[in-house]
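Notes follow once the structure below has been shown.
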Amino acid sequence: MEEKNVYQPYLMRIASIIDETPDVKTFRLEFINEEEGKQFNFLAGQFGEYSVFGEGESTFCIASSPTRDGYIECTFRKMGRVTKALASKEVGDTIGFRGPYGNTFPIDRWKGKSLLFVTGGIALPPLRCVIWNALDTRENFKDVTVVYGARSVQDLVYKHELDEWEKRSDVKLITTVDPGGETKEWKGEIGFVPTVLEKAAPSSADTIALLCGPPIMIKLTMPVLTKLGFSPDNIFTTLENRMKCGIGKCGRCNVGKYFVCKDGPVFTFAQVNQLPPEY
Amino acid sequence: MAEFEPKIIAFVCNWCTYTGADLTGTSRIKHATNVRIIRLPCTGRIDFMLLMKAFARGADGVIVSGCHPNDCHYTSGNFHARRRWILFRSLLNFMGVDARRIIFSWVSAAEGAKWAEVVNTAVKEIRALGPYDEYKNLAPIRASWRTEHAG
Amino acid sequence: MQDKIIQKAKELLSGGAVQVVIGYGQGTGDRVRAIFIQKPEDAGRLIMDGRCVQNLAGYLMKHEVRALGRAAIVARMPVLRSIAQLMYEEQFKDSDVAVIGISDANELVDLPDLNALKEYVRANPLKLTPEEQAEVDRLDAMTREERWAFWMEETSKCIKCYACRASCPMCYCARCTVEVNQPQWISVPSHDLGNLEWHIMRAMHLAGRCVNCGECTRACPVGIPLRLLNQRIIADIADNFGEEEDYALAAFKPDDKEDFIR
Amino acid sequence: MSRIGVFVCHCGENISATVDCAGVAEAMSRVPGVVHSVDYKYMCSDPGQTMIKDAIKEKKLDGVVVSACSPHMHEPTFRRACAEAGLNPYLCEMANIREHCSWVHEKSEATTLKAIDLVHKMVEKVKKNQPLYSIKVPVTKTALVLGGGIAGIQAALDIANAGHKVVMVERSPSIGGHMSQLSETFPTLDCSQCILTPRMVEVAQHPNITLYTYSELESMDGFIGNFKVRIRKKARCVDEKLCTGCGLCTTKCPTKKIPSEFNEGLGMRSAIYVPFPQAVPNKPVIDKTQCTFFLKGKCKVCEKVCPTKAIRYDQEDEIIEVDIGAIVLATGFNVLGAEHFPEYGYGRYRDVIQGLQFERIASASGPTSGAIRRPSDGTEPETIVFIACAGSRDEAKGIPYCSKICCMYTAKHAMLYKHKVHHGKAYVFYMDIRAGGKMYEEFVRRAIEEDDVKYIRGRVSRIYEEDGKLIVKGADTLLGHQAIEIRADMVVLASAAVANDGAEELAQKLHVSYDPYHFFAEAHPKLRPVETNTAGIFLAGACQAPRDIPETVSQASGAASKVAALFSQSELTREPVIAVVNRIAPPLYSTCTGCALCVPACPYQAIEMEEIKNRDGVVVKRAAKINPGLCQGCGTCVALCRVKAIDLQGFSNEQVFAELMAL
Amino acid sequence: MTDKKTIKKSSLDDLFKKMMADGKRVLAPVRKGETVLFQEVDGYSAVAADYVQTTLSAKEALLPRCEEMMRFTTAQSTVSLEEGPAKPSPVVVFGVRPCDARSIAVVNAVYLKDYNDALYKEKSDSTTIIAVSCAKSDEYCFCTSVGGSPGSTEGSDILLTLIDGDTYLAEILTDKGKAVVSIAPALFAAAGSEVKEKHLADVPVQFDLGALEKKLPGAFDGAVWITQSLRCIGCGTCSYVCPACTCFDIQDETDGTRGMRFRCWDSCGFGQFTLHTSGHNPREVQSQRWRQRIMHKFSYQPDQLQVVGCVGCGRCSRACPVDMNILQHIKDIVEAR
């Protein structure tokens, strides 16, 4: 019996494309080989390597929830060679996917707790996976609160889903844009995420916080969360580093002795605080 | 056996040689079909790496052509290009790359007939040199695929 | 000679003119290596002898070295040339660097500032030695096929460790062409094409800039005689364009040779 | 870019006769990213363009490749069509399968395969195209007219009358050009100076025209709407402000035996001279090569006699810098010199002259006051032989083209002669009579029929002198090459019109192209006859090709209207094909490494180094920056940039690379 | 129990020929100018003599500098993945030093843990290592300081030790080793009571590995990294010559519709190694990269994979263009207070 080449991706068909912002897209991907699709499983927080054949691979999280069968979704910004090539793909085109890789958010351990999601800009996708996972198994959790900010209204991703969450009574959504980024129609908050979070002052009692965003946002939000009573081991985040293999072999994504790809990407801030600043 | 049809890629400037080649067309001067023209604004724009890449891409020959000295639409692009070629040609030759496969010429917008002649001569010369497999096969993608298909 | 350098380094450091002196010191076994003297009392560790050939100019561009403050550098002719070229390329200002210059005749050269250095370099134009020219000629005398075989054999050893690039003071680009991937100009993998493209590209990018210090050849772990390529170009520039320009490829003469152009 | 539409044009049968257009379209439909691929008979026609527009809308195309003729032909057409359909025009590219394929190859599989390659490479290129936006640049509403002949005069007056400033530069001391030398003009035989002089005066007096005579273009920089020209005003050695044009200096000048240029050497002038009495400006100039003072250091007669003390021996050439928005080239032509006609004895026999000399002889203002006289002995010639095509249409003389004006002026000359010397005999040796033009054919017929000019179809093989007569030997090809020998008193050569001296050098200064005979090249022989390939530089008159006066005047007005149209806007939109140095997010800010080696390589001095500051205002690096107003888009810097930080919009590295990789 | 035999030096050529006849490619150290490189040979006569260490290690037999991972063909909207590279033919690498042989354990730990790297595994399974003990060493060698020795058998299939001018003691260590013997049993003789130890080079222990491993986790923020690496120029030589360095890059190349994906050596010494697309670089300067190299080998790998990422072959120090001497630097770290 021949061993499968771990670097050989699944072939995926692009089932749909959503233009989130001028340079952010969401792809829904379906397995071309249905057998592979049936056997495929993943958990919230995991990521994969997406291939454009001839251009290379790029790493991003699986943005859809493991509770949704039959497809995975990814959201990416046009940045480098591969993401630009990905962005030029159309519905029906074939790309490659390797994964799922990495650890997961320990959702099972959070049964009966409240969840607070704090995120900004293009960092929503990894949490969107958890949010839908929680909403699809809503009975397992108490309050679900989402604080999401972006530089401007145009930069908000998953706008249609934000609308949906807005309407739901079982999720509290607070959206905000940086001052100057609002439009006339904007009904959400205006201000930076830490400020908005502080104002909303969600309870930390029996609550898990999930914090993902640009470094500056994290830096300014952590003190707020601490003030609200969250302990570092109850705050989860995901780290990103440059990766090639995704499976702990190519050697570049380590933060100290941990590989983000194998030992991460999900860390608690209790862990992050112990790590050298290599991310 | 069919005659070897070399693949020749031409990098030409927009103002002189491209227009000259247009004149070849308007004058209906028939010539060999082997050359594919890539239009650039000026010979000064022609990066030596494009020439290298043409061979890697499977070209058997390359033509580089632009305005005659002093005629450059941009005053001096062709002078800069000429210096670059002097060194590049010499370097390639020094490394054993077959510099005969790069044909440099000046063809003005009025020299439709000369362009046809440059093309025909290039095709004849490159045909005589044969396919440039030595270079093409440096890339594993060509070498191994080719041999497997041949086998 | 060595004493004079030590003396000069001491002066520069104790007077506060510079914060670091880049020179040569004892290395492993009988090797010498670059050392960075920051205190006058350490200046005695400086060495100057026939082993001190590494081109130290590249260190002037290194972030962590620059962070030490104004530097003085022990500079033989190739280093002086590198500094002159780097200045022409606006990589540092006069005030950034002091030089402890050493002539080809092994004399301390008084170069109070970098303008003096430029003049000195201009007065001593770059030429291949007869031995170097002979080696270039030896390859030229081969048939094209022989040269191809020679270079294929040599470049087949290349592992793309980029020691040639890292050791070269002129290879300071923020992002090397080989790392530019839109489009991917140079084939990255270390196969025959990738290796050949890399070395052609590097030689061309050094055309008119290389100072013939030989660092690439010395640095190469697998012994590829890379400097031959640069020497061929140096000779070509001298033969075809003369020596007056700072950068031959940004200049031209209306009557440059064109016997190869139809 | 991934929703590409491909439109393959048959160009009637121009393409489809040798290329399988449907096959090309079919092949393209299989290329990844192509969502629409069709062929059609005339893509540039209205229905053709509508097909493109409809497809852009219906298929949401984000790139278009029109596979048809040369982009030099129809790129603007199709880009406009795309823009009208809401697609950025720079997302449209043309594949040239006509000039570069169907017209130069026979019908064959190879031809179609080539066409497929040519289209495919443009498809790959267009995938990498970026929307571009044309650049606005201000327009300096001053025109430079180079040359003060009838072409320049007409253009200058038209532009000036449209309300724009004109700077006219004339190389010789007076404007007027060749037309001022002519006696009468065909086909109406009105006096040349009579119709020209008023216009010359108008130029001199027009408030919108600044005239620099005895001046030449020194250099030109810049680009359409924004040229900077330097004019060398040669030292006249006369203060033009003080000089009243009284002419005392010219009459008193002791050096008088200098062949007059205006009279084509048939008359004499002094060392300080006005070329001809009606000269504009009517101010003398000292010929330093002949003036005794300049040659021997003493004389100064003119200074002594000048009533207004206007002589300035120490005057130096002056360089005048002017900002110019458009340039009209009207530098005219010259006639083939004596050295080209040894077989006719021109230069050896004084009575063998060329056409312009005959004009001077026939002119009332000429050396003989209009009487037809032999230069050698001043006698009235009984027999004159006119030789047409002297040099023209003669491959051996390197002039395969027709000089166009000779047939007509030769008929005129013969006619003028016959009108003045009624008993004289006029013979014309000709190859063909080309009299296309209003009243032209009638004019020639009149010479033959009414004035009894003998037309002999044939070439003159030899001319020699014998007993004071010129023996003209030739053959009449209409009479079976019968040998003909004519004993003539005078021979007039209709010598070929050639490009003016220094035309090549001037073209190089102006970056305009020229043909193998150094006539300036028009942008398109049919559709853009008064434009050059350099935007903002236009052509008028015989500097482009031999022309007669009516043609010259109409072309000059055409050029003037182009200038006026250009000046009707205060801003000009320029093609955004320019180089750009990238700027990216911190901490890199730009991949430019700041080596500054591109700076000296730029032919337009468009690159400078810019200090890049971080948020705190600290200079973090220096990077090249390109002035979009100065950059002309040659791309020399792009090829030189090692880190590929500079790219050329429209011909970017990615675009060119993609093209190459498609082959 | 290790099977001990002897083989005459003069029989090695025969052995080579027999192995080749058996369908194996034989790689051995060959002298090229001033370098000694592993290359395919057609007989023992080509093998270099008298060198302390090869310039490049033998890892390329298992981990080529540029290795095809897969190939693909793209069409308008479909992709087909094709059979990867052909199965590697059996290889015998002769003349590997014991330190290099030990490095295979490091590579195994990286490539076969968690995700089994089939590309590597196939090559590893089809490769037989015939190591030769070190009779000589130089000032760069420190195998004994990292748990090895000039006669270590770890990782080898057969270890040869020259016990007199003409005779090798052959320790047959694995089944692959036995298979080699079985190809040419006649060339091997039963070994006597010879012990190899007295024929080995003397490589003194230079530092206390345990102390180093203990010290490093707390040394992350030390100034030592900057002082040591000031002269480091950031090339990849150390990683590329290192037998235990395994980091790689992945590169695609296409020829229009056909493409290949390659695994290429990469080095933590390069600034680009960790550079994010955004321009952010977690290891921005050379001192951080130098620290990564030492930490990875002497702290992270022992901690995570229970294997020291350095076998003390000294190649990196020999090859370094600027004389970064790893042994000296490690000693300095251990000895620093």
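Order as written gives the chain letters A, B, C, D and E; numbering starts at 1 within each chain.
Everything that follows uses one rule, which is that a contact is a pair of C-beta atoms (placed from the backbone, for glycine too) under 8 Å apart; a residue touches a chain by one contact, two chains touch by 3 or more.
Note that this is a predicted model, so its numbers are computed, not measured.
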Any chain in contact with chain C as well as chain D: A, B, E
Set of chains whose contacts include both chain D and chain A: C, E
Most distant chain from chain D, judged by the mean position of its C-alpha atoms: E
Pair joined by more contacting C-beta pairs (A-E or A-C): A-E
By mean Cα position, the chain sitting nearest the middle: B
Averaged-CA centre spacing for the pair chain D and chain B, given as whole angstrom: 31
Chain centre separation in whole Å, for chain E relative to chain B (CA means): 45
Rounded Å distance between chain A and chain B, as computed from the means of their C-alpha atoms: 50
Of all residues in chain A, the ones touching two or more other chains: 80, 90, 93
Chain C residues counted as touching two or more neighbouring chains: 175, 177, 182, 185, 187, 189, 191, 249-251
For chain D, residues contacting two or more additional chains: 32, 588, 601, 640, 653, 657, 661
Chains touching one another, given as label pairs in label order: A-C, A-D, A-E, B-C, B-D, B-E, C-D, C-E, D-E
Touching residues (chain side chain D, partner chain C) in the complex: 588, 591-601, 609, 622, 640, 642-644, 653-654, 657-658
List of chain C residues in touch with chain B within their complex: 136, 139-140, 144-152, 177, 185-187, 189, 191-193, 196-197, 199-201, 203-204, 207-208, 228-229, 232-233, 236-237, 240-241, 248-254, 256-258, 260-262
Residue numbers on chain A that touch chain C, as the complex places them: 80-81, 84
Chain D partner contacts - residues on chain B that touch it in the complex: 5, 7, 9, 15-16, 18-19, 21-26, 28-31, 33, 36-42, 44-48, 50, 53-54, 57, 59, 67, 70-77, 80-81, 84, 108-111, 116
Contact set on chain D toward chain B in their complex: 70-73, 96, 98-101, 103-106, 108, 110-111, 113-114, 117-118, 121, 504, 507-508, 511, 513-516, 521, 533-534, 577, 601, 603-604, 632-636, 638-640, 648, 651, 653, 656-657, 659-661, 663
